[in-house]
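The following pair of complexes shares a single chain, chain A, combined with chain B in the former and chain C in the latter.
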Partner chain A sequence: MKSGFRQSMAWLHTWCGLWAGWILFAVFLTGTASYYRQELSDWMRPELHAGAQRAEAAQWAVTYLNVVAPDARTWLIELPEARNRSLRVGWSDRVGPGGFTLATLDGSGAAAAVRKTAGGDLFYYFHFDLLVIPFRLGRWLVSLCALAMLVTIVSGVIIHRRIFADFFTFRPGKGGRRAWLDAHNALGVLALPYHLMITYTGLVTFALMLVPYGADLAYRGDRAAFQAELTGQMWPGPKSGVAAPLASLLPMLEQAGRLWGGGLPGRITVVNPGDAQARVLIARGDTDRISTTRQTVLFDGASGRMLAARDAGGLAERSWGVFYGLHLARFASPALRALFFLSGLAGTAMVASGLMLWVTKRRAMAKLGLRPPRGVRFAAVLNIGVIAGLPVAMLALLWANRLIPAQLASRDRWEFYSFFGVWAVALLYPLLRPNRAAWRELFAVAALLSGLLPVLNALTTQVGLNATLRQGDWAIAGVDLAVLTMAPVFAALAVRTGRPPRSAKVSARQVEVAS
Partner chain B sequence: MVSTVWRAPAGVAIRCLAAIAGGYGLAALVAAACATSLPTGRVEAVLTGMLLSTAVHAGVFLWAFAARSAWHVWAGLLVVACLPGTALLLAAR
Partner chain C sequence: MTLLLAMLLSAAGMMFLALAMRRHWAESFGPHARPALRLRLAGVGSLTGSLIISMELWGSAIGMVAWFGLLSAAGLAVILGLAALRA
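Then we have the complex of A and B:
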């Protein structure tokens, strides 16, 4: 029965991995890029200059909001952090989440004249919404693929007998199939804890959408009440109608910081600004701790007196916060962020090598006349369009950001179209070309786009590498340098995938053992 | 590729249904049972259920393809569902 069990798991691993594989590859790659979402967004808004300090930022925001939206019901202030140079403010005519008009303030406290851009947000939202289909459907589809990923990881560990030996096994000379299998195993084992963590925590972030029944039963259908209790919102009543100026935010921020043992405040919500019933809710940021559990302090807006504080709750809530925080990784230091990024790339490559392995193995079987390969051509073409096509599309977005005129009103839409348009072309391209040529040419395009991006950046903006390296602006320079590093990788892939496999001879016995 | 009886299309379809729909059903049941019957605070109980449900669904998914027959898959699901089902019924009374 034991070998039967392992065979069942191998079957499950193969088919679960294949069906979910293409979406998983795209989710992994764009999700990995999202570790640097902030830096990418800054790179895509070259007009935005650093400068806002935390302390003065809050006052600037209040001054700005007093002019722009003195009668709003709610103000929102997102304080700048180490990785986020912009100060975001918003205002709304109602209380509660959503419905905000947003503005970005620059280092002088005025609204920044920045180009409209899809930004790093496009990769971020794509990695769980898929963007081209209704977002709810996208989220369910990504969740289903994530579940398949979890199942594929566990079944992969079960069928994997020699977990340590295979870690040191890589036989590129042994021909296509063996090399893909070795790469798949090494990449899978190398970052196994990461793969499990990121997949499970990803599902946790959507758990309320996936299984809302617990919350609905316990809160009698009032999901907003559950959300409010979970996120520590404490909403006040209506305006009193008596005008009263808002007290200075600085002492409130200091008091909240002391309460959290030096923890940094992140988001400030002001309800009923300019009224005697004004309330200021300060929420702790999540860049200096792993957990995203909501810790909030409520102040009376007119007097600045502290009214209430809410701290992280019990074990489940703290676990929840840690899982959520681990997935978002907003706490990560530069070194840890880089490690997460590399682990994410390893995960992406693991999915890609699994997809390659499926095609290579079936082609080898077809050569021996074992079984007509069904769907192999479809999978091979999709592999090219997804594995080589998506990087091309992602680079095309960065190019579009520099090439579309900065003043164009709907330019963020055009960036969006560039990304999906280029990807659509890349998905169709392998239908017109022999497989090896399509691999070679798409990877060659990726190598060109990545190698020349820093040149384009230096030619079209003031934040080229020559300037950013001199000023030590590592967020912007880092994007240029990282993309430049990818150029030789894509070039090597173009050469390697364009070459016929070295040993195409396979024996029937080998195929039998491997399948 | 070794072919066994359960890899016939019907068997695979039944197992897929158990893995996706059956797994979701049990996950939802566990989430609901935890939320209504755990003696912790409300937020805690709801979150415990949600955190468990993901692992439950993955577990059922694996079971759906590991069990000896498609009949075993559903029988196992029903037996396991008794515990959270009873808890939910008791809490609802």
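Then we have the complex of A and C:
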């Protein structure tokens, strides 16, 4: 520990930031991509057609489930919405929550021959549990890193001496440490409300896992009971054994919508379908409001009569709903979503510039003849493998989605392997190459992958840019266009990182040797 | 259209606030005298305007969230603009 408040805060900022930084970068980047999770999922299922009507879709789902799982205990129906063209259904024989077999239906009602893919969900799940086994370990790791992020943000504000004077300062011309510090400060300060919001709300999402003590004490360790009460689950009783057809869902959906003042219904749960004791639970969607609190209406499945309605409960639940909703941003319209995406990119770049700063600073120390601390080479290699390697791996997933045959049974597993396989190679690659070459080559690969992805898409599917632009299918065209826009950015990064720093050409080699 | 107006106002607000600072004013206009107070007022006024418009556009709750996003985006644009001016 150093003496002095600012020094000790700087120490905290440096080391919390460094150790959490690599995971945080991955969490920020995949989380930012998850703002377009639905669009990515649609892009990765090119067989789906747009334009399913919600009302018809509900009937199609019931028809389908009646054939596939007439005796199930629970049916689950997720209706298509503006940003999600697939109709998702599920069925489970378990009494109580969970145990669902899920299927994706085409908007046209049949169980479409949709390719098996994780879709945008892979990035989404990765961003909070890193897809490691056991998933609890991943969630704890991400939560600890988010905690470190919160510490880093607060200590960062404290050690930033000229937070207002340098508000608009960015001097890339000065090169090296100065430029990285400027970028780090500018990205951190400008999107500070976003960084605080996203980190804090992310932690709140896992509140029950991180600090379960209060709930455990009050509910004597029965977390299922706590969850049920928190989310207002109304689990109906067992089947009566008397068969009765399910009433039409349409009037129920309309009644629920009226009750919410025009709010859109989201998920439909049918318990005991085909039985006289059937119950239909309609939950409000969260695309038209910030909060994700559960508002549900319960209907008698056989008669279609409304039995009960539940609104947001106490203050705790309502604030939790707003925090969670802010983090997910499902309420965001296209323009607002773009702003969230931009802020997310700023956060990603802030973490990356902090990691770069750590290495640059220590290299500069070496140049002055001071002994550089151990681990500089380790950090430099990890920086390349994570900052340049992860985008390559993410693009590789999109490529794998188009290249792996659509009919292959285990193709979703191969997509998974291609993401992690490519990332593993990218993490090892900088060990074999000089730093600058590794930066340049990985970014060049990213530029090629992103530049050629729309071409690959047009060659292998019916939803290439030529078709989607003409039809005005912006969800899918948007993914192509966004990836295409990244190509020149990656190319510029490849050129920039491949160039030796302007200020110190001679001593750069000495630093390489020294580290 | 209103969205465009909100974006323009937030960008203008950030630009006025930047120009109210000696360093950035000197970079853009050289040694001429700097009307600091008026620039600051114009900046605060424009940002308030963009807040009002985004609350009008998205409702007060979501509008507030969106306004912070607009400010970040506008700030980034001004920073990149100033850096490009210097290069």
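Simple rule for what comes next: the second predicted complex is superposed on the first by the 498 of 515 C-alpha atoms of A that agree within 3 Å, B and C clash if a C-alpha of one lies under 4 Å from a C-alpha of the other, contacts with A are read in each partner's own complex, and residues count from 1 in each chain.
Following the convention adopted for this analysis, a residue touches a chain if its C-beta (ideal position, glycine included) is under 8 Å from a C-beta of that chain, and two chains touch if they have at least 3 such contacts.
The structure displayed is predicted, hence computed values, not measured ones.
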Task: With the two complexes overlaid on their shared chain, look at chain A and say whether chain B and chain C clash or fit.
output: fit
- request: Tell me which of chain B and chain C touches more residues of chain A.
  value: B
Message: Under the stated touch criterion, which partner chain does A:Arg496 make contact with: chain B (first), chain C (second), both, or neither?
response: neither
Task: Examine A:Leu342 and indicate which partner it touches, taking first as chain B and second as chain C; both and neither are also allowed.
output: second
Message: In the overlaid three-chain picture, which partner chain does A:Ala207 touch, first (chain B) or second (chain C), both, or neither?
response: first
Message: Just checking: does A:Phe5 make contact with chain B only, chain C only, both, or neither of them? Give me first, second, both or neither.
response: first
Message: Between chain B and chain C, whom does A:Arg223 touch in the aligned arrangement: first, second, both, or neither?
response: neither
Task: Go through the superposed model and pick first if A:Arg413 touches only chain B, second if only chain C, both, or neither.
output: neither
Message: Quick check for you: in the superposed arrangement, does A:Ala191 touch first (chain B), second (chain C), both or neither?
response: second
- prompt: Of all C-alpha distances between chain B and chain C after superposition, which is the least, in Å?
  reply: 20
Field: Residues on chain A lying within both footprints (that of chain B and that of chain C)
entry: none
Message: Under the definition above, what is the set of chain C residues touching chain A in their complex?
response: 3, 14, 17-18, 21, 23-24, 58, 61-62, 65-66, 68-73, 75-76, 78-80, 82-83, 86-87
Query: In their complex, what parts of chain B are in touch with chain A?
result: 1-2, 4, 7, 19-20, 27-28, 31-32, 34-36, 40-51, 53-55, 57-58, 61-62, 65-66, 68
Task: Under the touch definition given earlier, write down the residues of chain A that touch chain C in their complex.
output: 165, 167-173, 186-187, 190-191, 193-194, 290, 326, 331-333, 335-336, 339-340, 342-343, 346
- line: Within the complex, chain B is touched by chain A residues 1, 4-5, 7-9, 11-12, 144, 147, 150-151, 154-155, 200, 203-204, 207-208, 210-211, 213-215, 217-219, 226, 229-230, 313-317, 319-320, 323, 365, 370-371, 515
